[in-house]
Amino acid sequence: MRLLLVNPNITASITETMADEARRAASPGTTILTATAAFGTQYIATRPEAAIAGHAVIDAVAGFAEPHDAVVVAAFGDPGLAAAKELFDVPVVGITEAALLVAWTLGRRIAVACMSDRLRVWYEECAAEHGLDGRLVAVRSLADPPSDITRAREETAARMAELCRATVERDGAEVLIVGGGPLAGLARDLAAAVPVPVLDGVACAVRLAEALVGLAPRAPSRGSFARPPAKPSRGLSEALAARIERRDEAD
Amino acid sequence: MRLLLVNPNITASITETMADEARRAASPGTTILTATAAFGTQYIATRPEAAIAGHAVIDAVAGFAEPHDAVVVAAFGDPGLAAAKELFDVPVVGITEAALLVAWTLGRRIAVACMSDRLRVWYEECAAEHGLDGRLVAVRSLADPPSDITRAREETAARMAELCRATVERDGAEVLIVGGGPLAGLARDLAAAVPVPVLDGVACAVRLAEALVGLAPRAPSRGSFARPPAKPSRGLSEALAARIERRDEAD
Amino acid sequence: MRLLLVNPNITASITETMADEARRAASPGTTILTATAAFGTQYIATRPEAAIAGHAVIDAVAGFAEPHDAVVVAAFGDPGLAAAKELFDVPVVGITEAALLVAWTLGRRIAVACMSDRLRVWYEECAAEHGLDGRLVAVRSLADPPSDITRAREETAARMAELCRATVERDGAEVLIVGGGPLAGLARDLAAAVPVPVLDGVACAVRLAEALVGLAPRAPSRGSFARPPAKPSRGLSEALAARIERRDEAD
Amino acid sequence: MRLLLVNPNITASITETMADEARRAASPGTTILTATAAFGTQYIATRPEAAIAGHAVIDAVAGFAEPHDAVVVAAFGDPGLAAAKELFDVPVVGITEAALLVAWTLGRRIAVACMSDRLRVWYEECAAEHGLDGRLVAVRSLADPPSDITRAREETAARMAELCRATVERDGAEVLIVGGGPLAGLARDLAAAVPVPVLDGVACAVRLAEALVGLAPRAPSRGSFARPPAKPSRGLSEALAARIERRDEAD
Amino acid sequence: MRLLLVNPNITASITETMADEARRAASPGTTILTATAAFGTQYIATRPEAAIAGHAVIDAVAGFAEPHDAVVVAAFGDPGLAAAKELFDVPVVGITEAALLVAWTLGRRIAVACMSDRLRVWYEECAAEHGLDGRLVAVRSLADPPSDITRAREETAARMAELCRATVERDGAEVLIVGGGPLAGLARDLAAAVPVPVLDGVACAVRLAEALVGLAPRAPSRGSFARPPAKPSRGLSEALAARIERRDEAD
Amino acid sequence: MRLLLVNPNITASITETMADEARRAASPGTTILTATAAFGTQYIATRPEAAIAGHAVIDAVAGFAEPHDAVVVAAFGDPGLAAAKELFDVPVVGITEAALLVAWTLGRRIAVACMSDRLRVWYEECAAEHGLDGRLVAVRSLADPPSDITRAREETAARMAELCRATVERDGAEVLIVGGGPLAGLARDLAAAVPVPVLDGVACAVRLAEALVGLAPRAPSRGSFARPPAKPSRGLSEALAARIERRDEAD
């Protein structure tokens, strides 16, 4: 099985951090392929950055030439996720979506621990847009974000452990989600230090994508996730334009 | 990986029907073990039957001696699911829960197609108790239930295909879930006949259970899903009493 | 009027505590009958214990031979309540349900005060399953549960008064519900000490059951609360099997 | 026990119709007292009429000199209900509130059958304001309202029976509420003709008021239902002004 | 454009305070007319006072003889708002409604800062009745209400600034609404002192009313906001009776 | 006052259609400026098209050099709306948001009438993301979309009138919103033919933007709508990159 992990930001080292965790989390026999956004920002922490990333994600998938069985959108907040589900035929999973769905099976009170206060409202918004905020009891953040986003995992490990424990104590959280692509892998480090399950979005998305590939649901030909009819476009990358205008089918 | 599929009703042939689908759906390397309720009803279609089954499910898991990595509760309506999650240390997945969570990744408007009008309100209730009714747009049923529950899949295939298509048409369903353990496997037969994905609860639960085993979340020592403290009991099976009274730990 | 109070746990002295309060709360002319679960746990504080109790409740009602006009399910969390409503023809009321419905008439912000932190999430879950969590602003618990559950009322009275007052202050509660069957009667002791109404689930259920008997609603022959059709069973008590298989009608 | 039934409209014959049903529904030993709005409209079917009635209800209760143990606000839509709960010390129950709360104990899918299309949205609004719309599946109305509102019960009996049956069939209603004070008593006539319980708001309110009197909750001295502090007024009836300005306490 | 600002309480000096802010907020070319309730209370802080005010509002509008293009109901809590929308043909806007709708365009987390603890639950109730509580994260109040309601703005300015800042800090509010007609104009004073937008209900209502007049929506002849059919009345002011009985149309 | 109307699709003639309606709807003294997306699709009817448009909207606003007091995002579905609110300092209003907020003041049951079935689920999604789906009772669409999107208004007028009337009849809609930027202006044509208010998103947005400019709320320096901190970018237009990297401030 070949999973395409798309990094919606432009930073290749974060792509690698996430791919490392994806490979640790994957079943034997799963290959992790990667793509990094061709345009956008160093990382994604606000709505305008996510708006750009939404475009960049479908651009990256459209432009990815190698065969793949499913796509993982690997930024917390899941930019472009629903758009990608609608535009492409393979299963597409977001790391926030996946972490919330897995959390749903493990506890009643779910919380997200993240790097910065700026992310809190937007993460709540994202959960609400998925319709999965019903069990979300808190989004908690570090007082100070990491100084170097590419080393976020190492820099924040001790403080994130403390934040997770405090969230269990204060908010009664029964499952913790580590929020933020740059923190991929950190959940493993925290498992022993936190008295409830701690989930990594990338790991959850990889396992959930594998499950979906195994279930092999058919692509819909009806409803709002059926592939859109062809529409004229301008100013898009050749690959995305071809997909939007349905010229790819003629290939 | 060894998955224990528990049939909450007393009918061994339904256990076999569900185990067959579980084996078809499972990854290579996954072994499906089975247990059938020691007490209860022929099948489960009402709340009293589900109340009995809730007890029977934890009784069956407690009494299952062979090692296993996860449990699938295999009756629509998920009797005893939250109780089992709380009482046992391995991941436990219900077939309704699993089908709804998978459906969440595939479409915005989810519908359940089931065998009998009697099941409708109770299935809606079940989705609401999971907090997963937000996207559930309809529960539709056959006008006449099958005459022989153990042959439900064969008896209803043509009518269920028609019901699914009508639900797409009338309710705008974007994902269909075939509701009812005795119908395990039917979704495969319907895939070509219905223009949107059709999900089988048993298959979804097996794949989701595999994903959870792969993620290996720790068992919580805090919160409402931590294992309950010991409590005196009376009138329970020896295995269940041992688990409730925490005498099993002394073993 | 004859009301059957069913204690879903196995402890006869708790049945008596609750029956005492039921008798204090009842109208002149109402007789309180009692039944205690034939199997289960000493008291009920977790989902697995409630799952067993759900079965035990319908078992106890089915096996209760004397005529009665209504049933009160007397454990907080209302195990087996909906199942009993569906299976039996007389009105059935749960103590959580009753307390919440009465609270609804008295204030906008409802809170539950209970004995142990372990109960909190499960009580919230129960309110949500009744669809009556919309005005529930808090479930608060004692820091330390009582050491002897059969003397919970005496042991916790002073601390529960303090907890109720704190909940008014901190959460703006306008009505308090004392949560937990073993605390039956305590609300009377607290009335003078708390500046808002304090409700006892058993008392509320007795009065609500009387009201329902007075209204004499017909048993439904349609919908999900109509008595279930006969279904083969195994391993149930003779009385419950007869009710499930509808052999009791032949009597 | 003495219950004051307040008719929020100005039509004495409707007061009598409702008092008749109240007396039929009451326990032995309950006396029904009545008051009719001093100002307002012939009956109440719109928001402006209800706005006037809200004032008229608290005016009528303030002006009612005889002792009474509880108040029933007897117009569907419950005008002035929350205001009366806040202003007076005895329990106050509305007929819509009461019917919905009783319905909650009897089924999952509740419907209201009423006389006129004009009432539908407003009744839904009323249920939502009580926070009790979660199980309300339909408000259905006659195609043609009765020509004489004071003979509504007789004039519409056959059509209301048909409407109730259709609502069970079409909407899956499990409990029916007959909506509208002028229809008081009709539910009794429909019981045999409809396959699910049919509730009368007046009857439900009388029985629920009795239950509340029996429970004797204390009047709150904290929260939004504590009696308001004195406030200067102008243009009110002497009795209402005295209550608002708290001059009644000096009596 | 001529806007009628109706003060639902009886205090003329508060009418003037609100009219002053209305004039400051209005577009050039907008004339502010005023009416003060003919009956009611000095100000409005509880449900009974609001119930009286609901009647007084439609009474005042019905009795206002000069032509006007829209109505602003100028008491927080919007007494009589929906009734006035239904009864009159021009657009009617409430100050709470307007402030919430404007807040919706400016932030995700909305809070209300008000003068007294007594108002909190009722304001939340009002937001819920508008269906606009989804983004309301807090209603916060001063520890001590102003001693002279007619000088509330001056008396509380410093404390309200502090309260607003604390609400941003503690509740993460992204937009503040100053709650309470007597505080009209205060928001202007606070703008520099609070790091997020601070809204004045009167100003918002004036601007929103202007927008509605500009859009010139037709008065509905269908639905629950179509003008009610004529209905006999008693005890109302001549003008209101004429409107209710539809005798004004003959004029 | 100068309002910038941004067309998120690439079709200049649709920009002109919408600008025409904006000018008709605007107050005297308001100037309508326009910008058309530099990249994207002919019109926007699906999530991938909206994802691209979200980027294009903030790109267009960043690149618009002339001074302006507010922005109107003029595509139904409001692509990029929240991103633009966060990134820019002037008020930003979306046409769906504006139409829903105005509708909220006019009726309880809101419906959208649109050109194509494909838009329905996505429009519902958009209303839900605004938290304004609580009163949305239906989204209805023409059986056949217009053959030429740039002439949609003329081509569909008669059928849209019929659709609106049917939606009033069938769904009890009390306010209609004409959904779809290319239909700008059509609501005026329908007013006489439909018995309830019919709203045009562009007109509502223009008037609401004027109101916001008049209210002059301060730009937040706290919360999730404060302007984002600078962040490195790649592959963006010079103007958008400058805004994202906060190089524009140095100008």
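Just so it is clear, A, B, C, D, E and F label the chains in written order, and each chain counts residues from 1 on its own.
By definition in this document, a contact is a pair of C-beta atoms (placed from the backbone, for glycine too) under 8 Å apart; a residue touches a chain by one contact, two chains touch by 3 or more.
Since the structure is predicted, the reported quantities are computational estimates derived from the model, not experimental observations.
Common neighbours of chain B and chain C under the contact rule above are A, D.
Relative to chain F, the most remote chain by averaged C-alpha coordinates is C.
Ranked by how far their CA centres sit from the centre of chain A, the chains are topped by D. It takes 180 degrees of rotation, in steps of 5, to superpose the Cα atoms of chain A onto those of chain D. Look at where the CA atoms of chain D average out and do the same for chain E: the two points lie 28 Å apart. Look at where the CA atoms of chain A average out and do the same for chain C: the two points lie 44 Å apart. In chain B, the residues touching two or more other chains are 85, 108-109, 120-121, 125, 172, 174, 223-224. Shown here, the protein chains touch in an arrangement that is not a line, ring, star or fully connected set. Here, these are the chain pairs in contact: A-B, A-C, A-E, A-F, B-C, B-D, B-F, C-D, C-E, D-E, D-F, E-F. On the chain D side of its complex with chain E, the touching residues are 10, 38-43, 45-52, 54-58, 80, 82-87, 118, 120-122, 125, 128-129, 223-224, 228-229, 231-236, 240, 244.
Remark: chain A residues 25, 27, 85, 91, 93, 97, 101-102, 104-109, 130-132, 134-135, 168, 172-175, 191, 195-199, 203-204, 207-208, 210-212, 214-215, 217-218, 220-225 touch chain B in the complex.
Contacts from chain C toward chain A in the complex involve residues 120-121, 125. Contacts from chain D toward chain B in the complex involve residues 108-109, 172, 174.
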